[in-house]
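Dropping a structure here in structure tokens format, bear with me for questions.
All chains are identified by letter, namely A, B and C, in their written order; residue positions are counted from 1 within each chain.
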Amino acid sequence: MTTLTLKLSTLRGNLVRCPTIVLIGWIWLAIMLLIALFAEVLTPYVYTALDLSARLQPPVGFGGQSNHLLGTDELGRDVLSRLITSIKMSLLIAFASTLISATIGLTLGFLAARFRGFVEQAVMVAIDFQASIPFMLIALAVLAFFGNTLVLFICLMGCHGWERTARITRNLTISAVEQGYANAVEALGASTWRIYFRHILPNIASTLIVSMTLTFPEVILLESGLSFLGLGVQAPLTSLGNMVGYGREYLQSAPWILLAPASIIVLTTLSISLVGDWVRDKLDPTLQ
Amino acid sequence: MNYLLTRGARSGLTVLLVVTFTFFILRMSGDPAMMILSADAPPEAIEAFRQNWGLDAPLSHQYFGYLGNILAGNFGVSMRNGASAMSLVLEAIPATLAITLPAFALKLLLGIPAGIFAAFHRNTWIDRLIMSFSVAGHSMPSFVLGVLLVLIFAVSLGWLPSGGYASWGHAILPIITLAIGGAAVLARYTRSAMLEVLGQPYIRAASAKGLSWHLVVIRHALPNAAAPILTIMGLMLGALIAGAVVVESVFSWPGVGRLIVSAVGNRDLAVVQAALLLVTFSMVGANLLVDALNVMIDPKIRSSK
Amino acid sequence: MTLLLKATQVTRNFNVSASKTWFAKPRVLRAVNQISLELSAGQTLGLVGESGCGKSTLARMLIGLLTTSSGEITFAGQPIQAKRNTHWRAQRRDMQMVYQDPLAALDRRLKIIDQVQEPLVIQKIGDRAAQLAATREVLESVGIGQDLYGRYPHELSGGQRQRVVLARALVLKPQLLVCDEPISALDLSIQAQVINLLSQLQKNRNLAMLFISHDLRVVRHICDDVAVMYLGKIIEQGPAEMILSKPAHPYTAALISAVSHPKGTRGSFGTDSTPRKRILLTGEPPNPIDIPTGCAFHPRCPSVLARCKTETPVKTMLDARHSVACHLHTGTSPLVYMPSANESLLVTPLEALA
């Protein structure tokens, strides 16, 4: 498989040549990223600021005033500010979780490939376990038993998707070793650390990135789903799913409370899907 | 046969792991007696509970006692109303099945033909249209879709009710919500499976024989494309259950999903346990079934092991 | 010539299960069976034999990349153990390996100059400037020009790749070089170039070289001595010229006869160019899991004797440096090798006396 993957530099070169819709996807994601990074500066109000005199105001253009561009919710909080803060929270969780998941997967995959035998079997059993139960259920069980703090939640989300990375890492490492260059470098006196990080990891990086482009949107969906159910990000913190969940009660009277975060979720996951597909196509055409 | 036995053993191991997993986090999260009975139960009741469940025994004893209880179907009682946890779960199953089974069927009916159609008209506007819908359906989370459907059909148009369990009409939106995401995924996979099969030399040979396209598809292409599609369907079972959790909450549909969510919110551990284990058993069983079907359909697996 | 490498009764077994079911009894694969050999500085020893005879396994053990099941190996008096510790890493400076598939032995992602420099980085020899200078020097000595330094392995030809692998092996200035079928993957026209290069480098650096190959013509060209392996044992060993022109073991004779030549000179490594008949071995190809009793070659040997089936032949010195393990040469009536046209190559003792 490594012979079929292109170098990352070719990927960057291809950026100029991608279809319009994918380009729009990239732009959207860049905007989301900027919003997340500069959230504190961008929010017109603190997201928890109450303004009970201005409750349930519609957005500008639907009868609202310009001091609340997207209207207010049932406690008078500015929807736009909450939206920006939610974007930051959701993206933060998604990035952190994807990194944690990739690290767990890489480490376990390497360990399984390096030590074979019992270690490998144990890792494979763990992979099977994780792969056969929908993660939503595992997450629910852990949340039930352990309650919910943000740190715990992020760690929990980080446990999603590691099995895919681990499986790929193990398989590719084994074939890399079989190919010979890992052994050749070892025969020069290289330490295991050097072999894995300077030789094997860069060679399997593109496939790993493909796996990560799948994990990232899944975490966003998972987190927003759980937050929607009231089990994810808890008040007073806010996330996109959280907002949709709270906004549901006011679906008839004040739909904007729910529509704003919902449309952000849809557009973001759509962009990630399109961009992710394109990245996957470019990096490894043999994958679906 | 060997293959099935291996898969069966692995599935058994998975189930055992889930049970053990539940056992350990139950123990780790606090005193189970306190948790299951509630914090202000009288001390005698707690003692009795402890003895009953053998909580004063060493951990290994507790573990086997736990296993025994599970096999006997005893999951403890729900914190909220004292009813047996397992019975609560069992009561909720029909409601869940009432939406998941039709949703599954709808997924197949929508997704597979869409995928085949798209594969045939590859790179035409039909293909692009279907694939666009597919990407859209796939990237939209089910709760957003559900809420949007409610907004459109219940709130704005008033055609369908927004939630509850009262009539068949109530089931329409949940079923559609569940089906669309899966249909999108299935359409995509079916399309790539079909494209791969259609590119094979034996298809060209079949149509060179003079068979009409329809026959080529039915007799040669579909059976060969069936195997990867079947595998995906196995995976989709898991997604279906996860989806049901969210969709039932959106539509206030009293199924197992909504039960789990409220139990998690209330820290009603007995119910969570019972539901989790039941779902695991059925998922593992269903996956095994899909594997068996796969073995029957795909001769390559049969002969390789 | 200083003795560098010494192996004594080295054995290597592998545990394999015969089939894929769970209940198969583990069988033992005897890859290398009690082999002893010596190698001195400046000497090239060829190791020949069919696939599966254990040549690569032996080579890996000799250079410390694989553990032995029993036996001892020393290099310049120091024991060689395959344990990856600091001592082992330091030993890497003295011995290196050249591989059969140069593309697989190189990292696709790195430029070749970085890969040739890497051993110096790993072993922390010199500063960057010194390392670069040494790298350039060794690349020049293998004939890789400056314009190729920035290329990646897949951008080079097969011969160039193998030279890069060679450079990488030599940059640490080792005393021992093991070449495991270094030219089998190369085009015929390139093979000669690489072989000549190897020969030249060996002379310049006084390397001790272990050259594994199944191609007897190359072995003849480059090796001082040859050891012939069959199913894990060395069945004949001695100076290359002598063994290849006057083989004592039937297996060696069969190998030589298989070398194709222009018409009429088949099997002629010696000075006399009497045409020989191709010896076709009968019987099953050797299986190292199921080694025959007695002499492992007896099921296929055209000159098999009764005792070959039960007794394992011991190593007999035919003269100062030529040894063979064959019953035709042990016992009371040692055989004289008498080739003649259109007849079988070996003559039985009775006929010899006649």
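What we mean here is this: a residue touches a chain if its C-beta (ideal position, glycine included) is under 8 Å from a C-beta of that chain, and two chains touch if they have at least 3 such contacts.
Fair warning: this is a prediction, and the values are worked out from it, not measured in the lab.
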item	value
Contact-graph distance - origin chain B, target chain C	2
Greatest separation from chain A - chain, by CA centre	C
Pair of chains whose C-beta contact count is the highest in the structure	A-B
Where chain B and chain C are represented by their mean Cα positions, the distance between them in whole Å	59
Centroid spacing, where centroids are CA-atom means, of chain A and chain B in whole angstrom	22
Chain centre separation (chain A, chain C; CA means) in Å	54
List of chain A residues in touch with chain B within their complex	125, 128-129, 132-137, 140-147, 217, 221, 224-225, 228-231, 241, 244, 248, 251-252, 255, 258-259, 262, 265-266, 269-270, 272-274, 277, 288
Touching residues (chain side chain C, partner chain A) in the complex	63, 65, 84, 88-90, 92-93, 96-97, 99, 101, 104-109, 118-119, 122-123, 165, 168, 172
Chain A contact footprint on chain B (complex, rising order)	10-11, 13-14, 17-18, 21-22, 25-26, 28-29, 135-136, 138-144, 147-148, 150-151, 155, 162, 189, 192, 238-239, 241-242, 245-246, 249-250, 260-261, 263-265, 267-269, 272, 276, 279-280, 283-284, 287
Residue ranges of chain A in contact with chain C within the complex	2-3, 7, 179-181, 183-192, 194, 199, 202-203
